[in-house]
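Okay, so chain A shows up in both of these, paired with chain B first and chain C after.
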Partner chain A sequence: MHTKQRSTRFKWRSLVAMAATATLLLTGCSVGAATTAVAKHDLVIARAMDLTTLDPDRGYCDTCQIVFTALYDRLVIVSPEDSKTLQPGLASTFTANADNTQFTFGLDPAATFSDASPVEPKDVKWSLERLANIKGSASYLLAGMSSIDTPDAKTVVVNFAAPNSAFLAIVAASYLGIVNSDVASEHGASAAADASTADTAEDWFLSNSAGSGPYILDSYTANSAVKLTANPNYWRTKPTFDTVTLKEVTDSSSQLQQLQQGDVDIAMQISPDALDQLKNTPTVTTAAVDSFNYTYIALMPGAEGGAPLADVRVREAIKDAIDYDNIVKTLVAGYGKLQGSPIPNGFEGSEKVALPSYDVTKAKALLAEAGYPDGFTISSTYPKIVAYGVDLDLQMQAIQQNLASVGITLELTPVDFSQWADVIGGKGTPITAVYFAPDHTDSSQYVQYFGLIPNGGYVANFASLAGKTVNQAEVDGLTTALAQTGAERTASYQALAQLMADDVNILPIVNPQLIMAHASDITGVTYSPCCNVDLGALGLTK
Partner chain B sequence: MTAISLPSLAGNARDLWKRGSASAWLRPPMIFGYVVLAFWIVAAVGVQWIAPYDPIKQVGERLLAPSGTHWFGTDALGRDVFSRTLYGARYSLPIAAVAIVVSVTIGSVLGAVAGYFGGWVDAVIMRIADMTMAFPAILLAMAVAASLGPGLNNALIAIVIVWWPIYARLMRGQVLSIKQREHVESAVAIGASGPRILFRHIVPQSLTPILVNATMDLGQVILLVASLSFLGLGALPPTPEWGAMITDGAKNFYQPWIAAAPGFAMLTIVLAINFIGDGLRDALDVKATRR
Partner chain C sequence: MLRFILKRIAILPLLLLGIVTIAFVISRLLPANPIASLVGERNLNNPEIVAAAKARWGLDQDLFTQYLNYLGHLFQGDLGTSFSTKSSVTSDLLSRLPATMELTIVALLIGTLGGIALGVISASRKDRFADHLSRFFSLLGSSLPVFWTGLVFLFVFYAQLGVLPGPGRLSARIEPPANVTGFYTVDSLLAGNIPLFLDAVSHLILPAFILGWGLVGTISRLVRASMLDEMHADYVRTVRAKGLSDGFVMRHHVLRNSLTPVVTIVGFAFGALLTGAVLVEQIFSWNGIGSYAVGATRTLDYPAINGVTLVGGAIFLLASLATDIVYAVVDPRVRLA
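On to the complex of A and B.
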């Protein structure tokens, strides 16, 4: 059935071999000559990409995580074996002081950028300050940073005004890659306080990179492909592949087809339904692995038309009216889990929150108690995308059916992602569906994004739960957790997870498993909670 | 008589059924068209008694292949595709019919006024029509629907905006031709008012080609509604509209029945309407009937 399946890698290999043979014949070289054809390894990955920029301090998306990780090494990295363990990156040593307000990094003397210049403390200081000052979506990661010192030629000290025990985990985030400040500055990049307006390097980053990662940017064509080539001056183990191309393939079926045909080597967003199609394909390896990603619906009483949601009993009723098990079965063919709070399964603090359960009787009673015995009509605008194998449109239609059984009429308006962003940034929508993947391995990000805290995520702007947009217990809980370590911090995050669950404005729907599908001879295809997939770790079986 | 100089399709709408022989109205393709169209009209009207399942509720396992229980299988949410396909007629047919009726009405009135009064009125109306027709129909409809927001009502408005100039141009040509005829000149001579001459003596004589065109266009409009829904600019979920169902099917092309059923439904109805339209054109053709 699959005799035609040959990856592009092998096609290239064959071409190179043929060319080498032809050269040998034409030049009359003997077979025993010293000339040897070196196999060229090209990797092609199919992915529905959400890239809008390649500026490491402006980007904030799932594909950004993959590309930035490949182009820009970070000070520390997450261990591939254990996501809770950090390993040296550009910094061979990293320590925190007793109260987690000062972090000291000792740079590895061997670390170099792709132009062979050494990675210096000034580059680290410049990169972190640029991320903070550019005021992009990922700038929140450095909230509270007060100063950066560079006491000697290999040491960087980052200071915080308040304890931040999450910082070492944050430093491993793909958005905190270190940029060659000399090169970037030459092309308009700025780390100054006015970087958000003074920096003009975004266009330059669309066709260039200035990092110390295993790959360098070769080319980028919007809605088509990102091509990376191996960094010839990479300071650690050189990557296996000479080039890596991330090819835009939007739907799961096409990704499956191209993987089966050998047009691509890795398909990143295969639907769980497709697993059956690949069972009898010996050249393709598949695996369903647990992830920290999830889809959720957000209930926003403060949005136009969201008044009924101001009553917590109504929000509870909606939560109880959803048949979660059936949705997991229907949307991801059972390859997923339920989740109790915005802190996902496997993250610190998620352990003790009860999973949601389906109880129509209780939902009806709560609605009657809240003064809506016959239900009500409410609208929902959401992006029509497939997130981690979950088709948000189908998810909302399933929820629409569930809510109809308790009398709530949910009017659905699926729109393009950019339109949805406009709605969220404008009048809001009472109910929406979204997805979330972690930026780093610390649970603080979930409280910062979903908690009712000042300057929280977009949800907080429309939350107005019982007339308040700030839950002081969550503000205090986060401050406490960031000053703690070990079991104490775990207990604090558990309390925060319960507080957020009790807000009942973020309802996690599916925590799907990731379907990894790739050519059987490729190794290192693993899921990383900070960085999605580490292209530098991919290899070939011998 | 001056009949020879008339456009071949011109004639009084009331005489339609007197034209042509019975065989012209009963050619095999037309009979096929009548039967299929009748089937879909019956399906649209009585679908609640015909469809075996609720079209928006999960009634079985997801992605089931066609079987005795689910004739056209089930979709990604476990909904019965056969029931959804039947219910689809309830959206596609009325919307296309209303779009055509409104387009014909607006286009005919504006075209008639432009043709009869001429001058700047003609220039203004026809330049607007020209501008509208300068855009490919699907692109203009997409632009209008996108600016109004998704939904079948907005899709209807978009289609009317795209389609009315066709009838305005057609009617204007008819009016320009007929207003030179003797009976119109006689009406002018005895002092009849402009609107009376236009709507009493000219428009009724111009309706035949409009009706034939409208019939032919009905199929095109059904496809346009489906196209807008396919692109996410028409029916909103969970409406079982055929174009939206094909979008669902496209996401699951290893389960081809999801898209094939609404696709086949559209194929049959558009084919039927085209056969009827072709037959109508032939049956009402003045030159043809004289042979």
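On to the complex of A and C.
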């Protein structure tokens, strides 16, 4: 018995010793892990990713813009210095005819895909037709395209039934990357008219790419990471980094911590509040850059319960009752701007629209004139999300307080995005809050979505008590603008911006700046309205 | 015994069918629209794009047809294609399940062993400082929400002290091992890559501890109470009268007999840990079933929601079955009942 007790005690002591050793080992190794040798030619980016596919013709998201730009070169590109200037991409020349119905691209003879095969007109024709016929989310960009001709070995001609001066800007959008048609077709891709049902290549694109961009797809794990490797056959200046990994890090504070610890090189969604914390980190560079993204509230009289909003004076009163400056100050720590119309600051047409101002006295007077001296009660359903650093829930709570000061009781119902879509697709909601980010650099997209035009966005469905509403001046104005270029077009978009502002259906609230935070030795971290961040342009200080 | 086990196994398919049916119906009855996540907000008003998306994903069919199609595919082992990842739900789940299982099993070990150890300390030092400290520690584990402790521990041990790694299963610049089991700790050892193994283990410490801490509280209190009861039992007095040492009596008689109820708790705790893993995986960027479930719910990804429900239900049922079997082995009266 005695021997057995000693034996048991020995086992217990051994176990304790082993556990202690393991603990020490693990603690030690954790430090070791954190200081794992960093290969500076392997760039790691922390980002809350919204990727749902890597098929360039089916994808439609902010992260898609980054990844597609890196994998698939476009015919033309947006100048990094000036978003209104287009530069040669795969096409060394690009022209439009006088009435903006025909666009001719001369392909650069040096352009090659990642398998070293040349980029040919048939690839351009196939890629644009696939995007249009697959009827994915970005297909709308090619609405109105009537035909594509390939008259010789280096020329592509794209024809439209009606003038479309926006097309050159659209061609620079990340969703219009050119795909190696031979390779993609071998794996089930189709550009035929029935591509929406016949195309079976989406699964292949989850682990392969077939483009001519600076990077090629190495691997993708949904909700975890996308890894790109440098394209060895890239036909322009080779990228600096051997690999780029976009790593899923959902929240801003985790991105901040990982950047400070050196685990990642770029954090893409740092909260403005965190900027102060980074000022004391010498290895990190931060910058607040202007963006073209914004949050807005939509006022929709035609939605159930929206009758008080039918009077434009009520909508004006709501516009005047909102303390925009305070919202910018509290929600994005002052890193944001006000915006006058649905066409955002910096886009053609935004120049002359007055910015909103906070005037409670005027708001009360307008409400009294409209027959609501004591205000009214109205509901608001909106998606409970954080868009570009703006928490829509907090934004609506601030607006709720503002409206209370003029007697309007705003009942808030934050919901999931899919629930919000169900509401918008049904009876609507009198007031909602959402966000908007551009797909390309032309102002037409704002009129097409926010203007009161046929086939416009959801707001037109509820813009008056009659429900679906058309503002003929906006319809005509858009038609005119799409047939123009230069100063004439700018004047048309300025008029359209004012018309949409006068509708008072869309009230932009915050145009937030983007907080770019990265390791100090990384260069080229800039924001582009078409493509977000151009990974091919990133480099290292010498 | 065999008959008992077979009876329990025989009803599993029916239970799973019930789970799948309820999940299918509830997800479809929600006042929400999955099309928003498929086409984006901007195209909700575009009839051509919406129609193409509905046709592609079978959402243009009536609910009953959708259900029959789903069951038809399910019986062939096809859980459908995820709206969000565009991969088959089966492959999504198979790739993520090991991550969740690795986290949950380690959390279960921490919770069980830690709980038993603290329970023994508390019982053997009743009403002394060690007992109070142990109970306070257990109380914290049971009371604090994992999303809060997760963020605080990350801030302290990763961001401030730098002694433990941050979110993720591996460090950002480290490649995962060749996939054999999907458990990074196991696969790295199979590959003979010790630094990778240590990195994987170090990344497990925080999330597994936070997930298992609540279980520590539950088990320690249970063990403490059971041991205190057993310590006053007649047979304990008898073995002590025979001259055995206190330590030996505690380990070989009191503790052993106090552990029977722990078996039941551990079985059910496995299900609870899987539930808790949803939050922990979100905080620690752990690409497991939990984070997959959260993403699926947000986007109303029907196939993924149903797949996660089916797998979660199956794991829970199997854990319950295992508990019943173990309990039946430990306590023969269960079989008679």
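Going forward, the second predicted complex is superposed on the first by the 490 of 542 C-alpha atoms of A that agree within 3 Å, B and C clash if a C-alpha of one lies under 4 Å from a C-alpha of the other, contacts with A are read in each partner's own complex, and residues count from 1 in each chain.
Note that a residue touches a chain if its C-beta (ideal position, glycine included) is under 8 Å from a C-beta of that chain, and two chains touch if they have at least 3 such contacts.
In this text the structure is predicted, and so the values were computed from the model without any measurement.
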> Which of the two partners, first being chain B and second being chain C, lies in contact with A:139: first, second, both, or neither?
Replying inline: second
> Looking at the overlay, what does A:391 touch: chain B (first), chain C (second), both, or neither?
Replying inline: first
>> So in the superposed three-chain picture, is A:196 touching just chain B, just chain C, both, or none of them (first/second/both/neither)?
In response: second
>> Just to be sure I read the superposition right, which of the two partners does A:449 touch: chain B = first, chain C = second, or both, or neither?
In response: second
> Just chain B (first), just chain C (second), both, or neither: which does A:412 touch?
Replying inline: first
> chain B or chain C: which reaches more residues on chain A?
Replying inline: C
>> A:258 in the overlay: touching chain B, chain C, both, or neither? Say first, second, both or neither.
In response: second
> Is A:400 in contact with chain B, with chain C, with both, or with neither (first, second, both, neither)?
Replying inline: first
>> Counting contacts the way the document defines them, which residues of chain A are shared by the two interfaces, the one with chain B and the one with chain C?
In response: 253, 416
> What residues on chain B touch chain A, complex-wise?
Replying inline: 56-58, 62-63, 76-78, 149-150, 232, 236-238, 250-254
>> Quick check: in the complex, which residue numbers of chain A touch chain B?
In response: 251-253, 256, 273-274, 277, 326, 330, 384, 386, 391, 393-394, 396-398, 400-401, 411-416
>> Touching residues of chain C toward chain A in the complex: what are they?
In response: 30-46, 48-49, 52-53, 55-56, 83-87, 92, 95, 151, 154-155, 158-159, 162-168, 171-174, 195, 198-199, 201-203, 205, 244-245, 247-248, 251-252, 282, 285, 287, 291-292, 295, 298-300
> Within the complex, which stretch of chain A touches chain C?
Replying inline: 1, 5, 8-9, 12, 25-27, 29-34, 36, 38-39, 42, 44, 52-53, 55, 60-61, 135-137, 139-140, 196-197, 202-203, 206, 221-224, 245, 247-250, 253-254, 257-258, 260-261, 263-264, 416-422, 424-425, 434, 449, 455-458, 460-461
